[in-house]
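These notes open a run of structures that come right after.
Paired with chain B in one complex and with chain C in the other, chain A is shared by the two complexes that follow.
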Partner chain A sequence: MSQIPVFFGVLRYEFWMQFRRRALWITIICFILFISWRGFGGIFRELIGNPFHFQLLPFIADWTSSINAIFPIAIGVLLADRLPRDRRTKVDELFTTMPGKLSTRLVGKYLGSTLATLIPVFAIYSIGIGCILYQNHDLSIIPMALATFAVIALPGILFVGAFSIACPSLLWVPLYQFLFVGYWFWGNLLSPRVGIPTLSKTILTPIGGYMATGFFGDPYGQPGATPLQGVESIILLLGITVLVMVTLWGLMKWQQARQ
Partner chain B sequence: MKIEVTHLNKVYRGGVQALNNVDLTIPSGMYGLLGPNGAGKTTLMRILAGILRPTSGSIDVGGHDGNTEKGRTAIKQMLGYLPQDLGVYPDLNAREFLDYVGILKGMDDRKIRQKRVAELLEVVSLTDVANRKLKTFSGGMKRRIGIAQALLNDPQLLIVDEPTAGLDPEERIRFRNLLSDLAGDRTVLLSTHIVEDIAQTCRNLAIMKSGQVIFQGTTVDLTSETRGKVWIITTDGLKPQGNFTVVSTLNMGSTVQYRIVGELSARAGAIETAPSLEDGYVWLMREQRTPSVSVL
Partner chain C sequence: MRRLLLIAGWAALVALLSSSVLATVGLGFTPEHIPSLAAPLQFITGQLTWLAPLLWFVALGLCLAPLIRSRAATAALLSGIWIIETIWKDYFAYYDWLHPVFLFPTTTLPLVGPLPQVYYTLWLSNRFELIGTALVLLPIGWLLLHNPEGLLKGSSEE
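Up next is the complex of A and B:
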């Protein structure tokens, strides 16, 4: 039996189930309100101000980095219940009796629900890009925006998504969500100059600073980063993502065998 | 398709032995698995469905070894399973859920799958509510969705665990008839603690108690074992005392009729009657508790 149709079927349904979830939209709206209130990074004011005096590509990269600095928190929190939900609703037992493989179901679930969670984030990102486009009248902004999003934001989001799907198979969902938010501020937003050991500003951080500066010259990303460091960061983030998913699959197979 | 289970044991973590050296041969057609709660029926079902791994013993389903990954995959392709407590995604509607299950069962062709979903929604009389979210469904409607999902791939082996639990009498009859119709040339393994469900649908059955198979044969065999041991006693209300089990009580107005199972010698007012499957089951359970039979 081919697993490809199973993969696309699971992806489609996981996407719709997450996309139609009210909590997804409420959470994202709360984030927008929070960011509007805090005026996060000043870039939002610049977007609706006059971005003519900025260099276009670094400015778009900075906008992507700003989105990627805060919205992965929402993505991580919203993905955390996807796997435990199967156990809670007891569909995992039913699906175990079917020929669709666990690995296929896991990858379909991971990609489908991550993509769905990404949609509102991408919509907000697109509004910003729309503002830049409106003021610059330059259609080359669109491919630039897609490239910066794919290179700066996507590896980190896939990384966050994999952990948020996998970790709650061992941790209580609210505990994971609490720890994840703590990790995000500690490992991504905390300056190393504070003196507390942190992953922030290393190539392990999913915030994408090395890619933003290394590839697109964003002065606020990771000053001094080279394109090679950007590539290293992408490979590392995606490599860990694959490793996490393979470990999750192994863990679930082991749990099944022990039942 | 024949199922053969040999020396099957299942010990859960913590040392609870759910199955104890179970040997079972299940032929084609409807096959009943009867026993009290905690007898090990669900454990056996879950092992056959590939959810649980046995501690030891062998399983052969239509020539496929249930102890190997390859065998389990082959069994899953011809299996329909209705668990005791069906899991659904509450935010999907009935049609979407069945479509999703169809995908997981390897029904690749979208048109064929959708046609099959529509057919089964009709069979279980849920066409009218096909677009309603499953969280709004009653217990009986969920059961019907459960049977529909089990039948999607037209399985050669259908395992149904306590399918009539929680159904109203009319739904229960409908469900039993549906299962009987489905049996045909496939194997339907029906687990229940409701004797009537087996009596109405199965020719062959096994009875389990404390993780062991204590009877294997036809419903007629089980009933025959009780011949000469089922009596009707009518009193003016006073419950008869003795070494027997009261199976049922019928209030007749001024008198009360007791149906009892036990070895009675001649006793005034006791009329021997034809045994039913329930009497056979009660007798067997009684024998298990007190193997030595005493005479009143």
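Up next is the complex of A and C:
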């Protein structure tokens, strides 16, 4: 049987299942409220009020980085229960009797649920871009915004998504969520100057500072980063994403063989 | 409620033991009052460093979980608050109206060691405000738990 219809079937089903989940929207709306009252009345007023003080591309990259610093926490936590849910609702054994391959189902589940979780994040990102567009009346902002999102945010979100789908197959979901949030702070936001050894400020940070500065000149990303380091960071993040998914597939195959 | 007490009690025990060990070896990370308070009183006041945010998070989690009816969403929201409070600590310190919800001034500013009276009073009032908020939220959460229909619906909506 061709796996392509199976893949799109799983992807569609997982997408809508996550997209219609009330918890997803409540979480993202609360996150928007958290970040909206930051500073002098909110980030959006900042986007509308100050664009002329900034060069456009670094400014858009900085907005993308701001989104990518906070929202992956929600994405990671909300994706963590997708795989254990199959076990809890006792449909995992049913799936093994179907003609779709395990690898197809896993990729469909991963991409479908990650894409659905990404939609509200992209919506809030687009509102910010709309504020910049409203102030500047320059349509070239739209392709710039798509490019910064694809290059700065997407590799990190795919990286986080892969770990959040895979790790709860071994760890208890609340434990993974706790460890993931701790990792996000330790491995992305904690300054190495604090003295605690950290992955922060290395090319293995899904927060995307190397891409923001290396490609788009964002002064707040990773000062001194080059485009080559940006490419290295993307390759490393996506390579590990593939590795994690292949490992998950191998683990589940092994678990099935033992049953 | 019993599960809540067990989890909160366990977390408090771990925090108390570790802060006792740190204080014993002279690595305590708490503010000190000038003129110096009696050592036991100083130690007890120092425990507000972890006790106030612990109670605040427990109470807020207790209210959010039955309201949102999703463990994942509640975890994401509490995590978001923790990270945002840590990243934007300067905003929380700068604006007076944010002081009652400033969870980690001790470690993020930091407010440790001997402090001038004015800072110590600010720190202490912040701790009491957090505990006060938690004490208001706890009965609300307890009332929300007495809604079996909501809890049953919630378990199917995860």
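Going forward, the second predicted complex is superposed on the first by the 250 of 259 C-alpha atoms of A that agree within 3 Å, B and C clash if a C-alpha of one lies under 4 Å from a C-alpha of the other, contacts with A are read in each partner's own complex, and residues count from 1 in each chain.
The working rule: contacts are C-beta pairs under 8 Å (C-beta built on N, C-alpha and C of every residue); 3 or more make two chains touch, one makes a residue touch a chain.
All of these numbers come straight from a predicted model, not from anything done at the bench.
S.K.: Determine, under the contact definition given at the top, whether A:Phe59 touches first (chain B), second (chain C), both, or neither.
M.R.: It touches nothing on chain B or chain C.
S.K.: If we overlay the two complexes on their shared chain A, which of chain B and chain C does A:Thr97 touch? Say first, second, both or neither.
M.R.: Only chain B; A:Thr97 stays clear of chain C.
S.K.: One more residue to check, A:Phe216. First (chain B), second (chain C), both or neither?
M.R.: A:Phe216 sits against neither chain B nor chain C.
S.K.: Given the touch rule stated above, what does A:Arg105 touch, chain B (first), chain C (second), both, or neither?
M.R.: After superposition on chain A, A:Arg105 lies in contact with chain B alone.
S.K.: According to the stated criteria, A:Phe163 is in contact with first (chain B), second (chain C), both, or neither; which is it?
M.R.: After superposing on A, A:Phe163 lies clear of both chain B and chain C.
S.K.: So in the superposed three-chain picture, is A:Pro5 touching just chain B, just chain C, both, or none of them (first/second/both/neither)?
M.R.: first
S.K.: Which of the two partners, first being chain B and second being chain C, lies in contact with A:Asp81: first, second, both, or neither?
M.R.: So A:Asp81 only meets chain C here.
S.K.: Name the residues of chain A shared by its contacts with chain B and its contacts with chain C.
M.R.: Of chain A, residues 21 contact chain B in one complex and chain C in the other.
S.K.: Could you pull out which chain C residues touch chain A in their complex?
M.R.: Touching chain A from chain C are residues 68-73, 75-77, 79-84, 86-88, 91, 157-158.
S.K.: Touching residues of chain A toward chain C in the complex: what are they?
M.R.: That would be residues 21-24, 26-27, 30-31, 34-35, 38-39, 69-70, 73-74, 77-78, 80-81, 85, 173-174, 177-178, 181, 184-185, 189 of chain A.
S.K.: Under the definition above, what is the set of chain B residues touching chain A in their complex?
M.R.: That would be residues 13, 46, 49-53, 73, 76-77, 79, 81, 83, 85-92, 96, 100-101, 103-106, 108, 149 of chain B.
S.K.: Under the definition above, what is the set of chain A residues touching chain B in their complex?
M.R.: Where chain A meets chain B, its residues are 1-2, 5-6, 9-10, 13, 17, 20-21, 86, 89-100, 105, 256-259.
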